[in-house]
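Two complexes come next, and they have one chain in common, chain A, joined by chain B in the first and chain C in the second.
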Partner chain A sequence: MPRDLTRIASPDKPETERNWWVHVILLAVCVIAMLPVVWMVMTAFMPRDVAKAVPPQWLFPPTLDAFRMLIFEQGMLGFLKNSLIVSVSSTLLSVTIGMFCAYALARFEFAGKEDVSFWILTNRMMPAVAVILPMFLIFKTLNLLDTYVGLILLYTAMQLPFVVWMLKGYFEDIPRQLEEIALVDGDTWFGAFRRVVLPLMTPAITATAIFVLILSWNEYAFALFLSGSATKTLPPAVVIFAVNAEVSWDVLGAACLIITAPIMIFVIAVQKQFIRGLSMGMVR
Partner chain B sequence: MAEIRVERLHRSFGEFVAVGDLSFNIGDGEFVFFLGPSGCGKTTTLRMIAGLLMPTSGRIELGGRNVTFLKPRHRNVGMVFQSNVLYHHLSVYENLAYPLKVRGWSATEIRRKVQDVAALLQITDTLHRGTESLSGGQAQRVAIGRMLVRDADVFLMDEPISHLDAKLRAHMRAELRHLQKELGRTTVFVSHDQLEAMSMADRIAVMNDGALQQFAPPQEVFDRPANVFVAGFVGEPQMNILDVDIREGVAHAPGFRCDLPPGWLARNGIAPGAYRLGVRPEHVEIAEAPGHLAARLEVTEPMGAENLLTFSLAGQDFKLRQPTGLCDRFRPGDMVPLLPRPDHLYLFDRVSGCTLAQAAFTDRSRT
Partner chain C sequence: MPDAFGAAPKVAIQNRRWFPWLLMGPTLLILFVVGIFPFGYSIWLASTNIILSKPYLDTWFVGLEQYQSLIQDPDFFNALRITLVFTGSAVFLEFWAGLGLALLFRRQIRGKALYRLAILLPMVMPPLVVGLVWKYMLFPNSGLISYYANALAGLIGVAPPTFLNEPGSALQTLIFIDVWQWTPFMFLILHAGLAAIPPEPYEAAEIDGAGAWRVFWTITMPMLKPAILIALVIRTMDAFRTYDQIAVLTAGGPGNATETLNIWLTNLAFRFFDVSKGAALSLIIFVLILIMSTIFIRILSRSRIDEGK
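Showing the complex of A and B:
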């Protein structure tokens, strides 16, 4: 016998939502996700013997020994500088170049447009290990090993597909008519691009740049092989001085904090633009 | 100030001919409508005049200057689209200043000119607002203002008011017409709405399939359509058109018989044979006594002062529009005696669709 869903009449007021369990799940997810981060921050301030202790100790006198060691003995700030130079430059380059590529793909019709778009995407699909050896040989031949230029070029090339695909969608959302009225209003093509399209794209470009900056900042595999003493960035640097005969957890924790803190502070600072950029075109 | 001359303009997209061999002249200060169904080439033509689309061949002159293949910025035309009328990242003031800024005017000159135009269009109090706070009508004013600040020779409008709600649209129709007359700029307006065209235009260019069907003042397009397409497209509801055979001064179709004025046939040199007969719904009357034409009423649509009655006749719809008092006694299914007014009949060629005989009343008004 089929159920009759129309038997009951409406109650006097709307039912109250009973969804407390959603909050429980959210809380659980937050705790699980945050715990390792909290633990990492805590280890950074632990004295060495506490950091090694089993079972772990939650209470300890905080110390800056690990940071002192990293900054004054290991020259951590030098690696931080390398990371900054490489990721900021490659972000600027890839976003600038990618912006024009994406605009061309979004606006103009040309033979093989779909193929070009797809080819750009497939570049991104390739696993890093597949190209590390050839890249190493190329860099060696071109004398790019252990240079800023080499790393910046490589990261720019790596991030370009991502930039192009992300911005292409946003460019397509900007009505072409706005450029057309600008042209009729007397502007040149580039003027219309600069004065009309770019201002409207600012949130999207900002969001893309932030994404790319994080990706470049965190890049490990290529940096490990292609950088040297002069240009080593933070991620490969951490390994060499934190993992020797035994893992010094306090140093590792402090190093991780030094890597993540700048990017976290940065993202918190720009999160408004970031979210605005990501949600652009979705809310109208 | 400029007249527009278009000669043998042609544009195709691959195999598809969007505009074929189009020639016309638009006088200085004239308000001209391109009217036609979607895909008839009206917007393509407008975009070619604006310079946003290059013609395949032909020639366009603005104010005596050949601009056929010039970029938009060398033409001094202004354009308003249906949507995305304004730069939404700029304020109203910046929107109005944009065309001057790209021409390198100084800030003080820009301010003076923008103030003048804003005063003329009565939008001074909106100048420092963002564009999102403007009503549809205000946005259109600002868009017109952007054409005015730089003294555009020709205003081009691509269905600028067709997305507004009915009441505002009626208001904007009157306002645009008034503004156009006041400013005296040559204006080309693209529309698929024949009511808009009838109420605003000095002349209407009716287009279909990339070709100009008729280019004449609204009343003439309505009263003396050049062919069966214009007759059917202009007028709401559209003209009734029946395939008929004419024998001995009478038009015959299955279930249809209509005496034709003998003088009218002779004057237009109509020989017996196969034709298409047209009569507008408002020119069909309900006969006092049952004559030799009766049709079954299918649907009644009350429109307030008038009713629109749809009959089925000779296997197609046949409409009648009459004041409510004359026709509200009929119910669907009734057989109603009908009488097309003999001096409001049109005859078209079966094959080419050309008008062979204009309605007799138009002959009278001409002489």
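Showing the complex of A and C:
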């Protein structure tokens, strides 16, 4: 019996033990994890009366009515475009400028370094709701309300603390000597950075960018108050279908699927980089 | 840096004192505009008595009165208690569920990649969509889960579960949904932490004949400590600020049974337009989070030093 128990604790054992109970637990967990996702996808294809039927119906003739209505009558593709523009640009911007900041914090010694890096982190702590009102008034003064520039700036600021803290750790792991060799060989600082450091950082930067892209794609509170008819992103657009007196669940399901599908497909496609990068960044 | 050949001393750009500040410049500038300004503006707002919906009222400097009235408000302690219960229970449950899953994943099992993908999906979903989908599934009587739960309760003869409709069960339901969404995150971090533990201590323990329970508490948990800390810090800070799901699912109700600090703040500022009180509350929340994270970061850096990092 004790012999058997140590096997549980020891990693990398061949599959000799009977594992059926592990599969039972994992299957149960997967069902709980997947059920809302599956039900959302099913609802999106339900005819209206099936979506609100009691008891819930698992079999029905699928229809694209909800999507047709969202795309042709509600202009969902426009919101999708806004979401894409805002989240992709803010991701590119925050990773590009955050990268240099992280590098400076990881490589150079200067007075106030600890304070700067702690202050950057505190920017993630202010509740979003608390930032909205002052930002609303500033944006109004600067004519930035309902513009891409305003939203992109705000999202970039929201992502920067995460980008800097994540990349700082990775830069610290890259040995300094590599750049010094390049500098001795007559490279400029930027040349050494581009040719030596950046290639080593590509996996870390990719993972950070993926994570940050998810954050801004999913962002709701800022978008709700600071975007308008010209720049409304998907999350505030979807809520409109949920607050009507008579909620049509099929339309809501389809709208939810339109937000979720791009980011899920994207994450499934890049899951290796995402999982490896995220876990390496946090645990070292 | 004097040159060996006697050329004019030329300091390379990366050796200049201002160089790191140049690199950090854009980041600091953006964070300054979006971080410091709202902060200062909130301090100013909180020192007056502006109510946006009543512009005809005179406004004047009230000093610290807004903070005082907040701290004397029983609603404040209600919201604080609910926020702490929500954060504490959700993070506690997520941690043990995530750790359990991560330990299961160390066994040699077929189809690991597929299981992992299914488990990770909830954390990628927009929190807003999570709220909407659960609201639909928990819709009284007709929702998927409500319907089957009612049927099951009828079968075994107990009162049907109330989920979001009763003050007693609403908070628990919200905690469950948070656990549903964020256990994958804990799992991911702890799984990576477990993978980083070298096999030698386990081999030594096996030779000594130590039982699984002792191996877990004397080897796994101590060596996992850095990963545990970072996962707890990130989750606690985020759970404390949870907004989207609660706003969609209950908006603080029924009554004020699920009114966390963040939800109360939104109600004050955007429903009652009492922006001065809202600003004061946001600063109190900020200070609370600042205290929490300072403590966390202390613990974190101490554990890093212990590890010799």
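A few notes on this one:
The rule is short, and it goes like this: the second predicted complex is superposed on the first by the 253 of 284 C-alpha atoms of A that agree within 3 Å, B and C clash if a C-alpha of one lies under 4 Å from a C-alpha of the other, contacts with A are read in each partner's own complex, and residues count from 1 in each chain.
Following the convention adopted for this analysis, a residue touches a chain if its C-beta (ideal position, glycine included) is under 8 Å from a C-beta of that chain, and two chains touch if they have at least 3 such contacts.
Everything numeric here is computed off the predicted structure, so don't read it as measured data.
In the superposition on chain A, A:195 makes contact with chain B only, while chain C stays out of contact range. When the two complexes are overlaid on their common chain A, residue A:269 makes contact with neither chain B nor chain C. In the superposed model, A:64 makes contact with neither chain B nor chain C. Contact with chain C, but none with chain B, is seen for A:127 once the two complexes are overlaid on the shared chain. In the superposed model, A:77 makes contact with neither chain B nor chain C. When the shared chain is aligned, chain B comes close enough to touch A:187, but chain C does not. Once the two complexes are overlaid on the shared chain, A:178 sits against chain B while remaining clear of chain C. Residue contacts after overlaying the shared chain place A:240 against neither chain B nor chain C. Measured by the number of chain A residues touched, the leading partner among chain B and chain C is C. Common to the chain B-facing and chain C-facing surfaces of chain A are residues 183, 188.
Within the complex formed with chain B, the residues of chain A that make contact are 175, 177-178, 180-188, 191, 195-196, 199-200.
Against chain A, the residues of chain C that register as touching in their complex are 12-14, 17, 19-21, 23-24, 26-28, 30-31, 33-35, 37-39, 41-42, 45, 101, 104, 106-110, 115-122, 124-130, 132-137, 141-144, 147-148, 180, 184, 188-189, 191-196, 199, 202-203, 205-206, 209-213, 215-216, 219-220, 226-227, 230-231, 234, 237, 241, 243-244, 248, 261-262, 265-266, 269-270, 275, 278-279, 282-283, 285-286, 289-290, 293, 297.
Of all residues in chain A, only 2, 5-6, 8-15, 17, 19, 22-23, 25-26, 29-30, 32-34, 36-37, 39-40, 43, 52-56, 97-98, 100-101, 103-105, 107-108, 110, 116, 118-131, 133-135, 137-138, 153-154, 156-158, 160-161, 164, 183, 188-189, 214, 217-218, 220-221, 225, 235, 238-239, 242, 249, 252-253, 256, 259-260, 263-264, 267-268, 271, 275, 278-280, 282-284 touch chain C in the complex they form. The part of chain B that touches chain A in the complex is made up of residues 50-52, 71-73, 75-81, 83-85, 87-90, 98-99, 102-103, 146, 150, 156.
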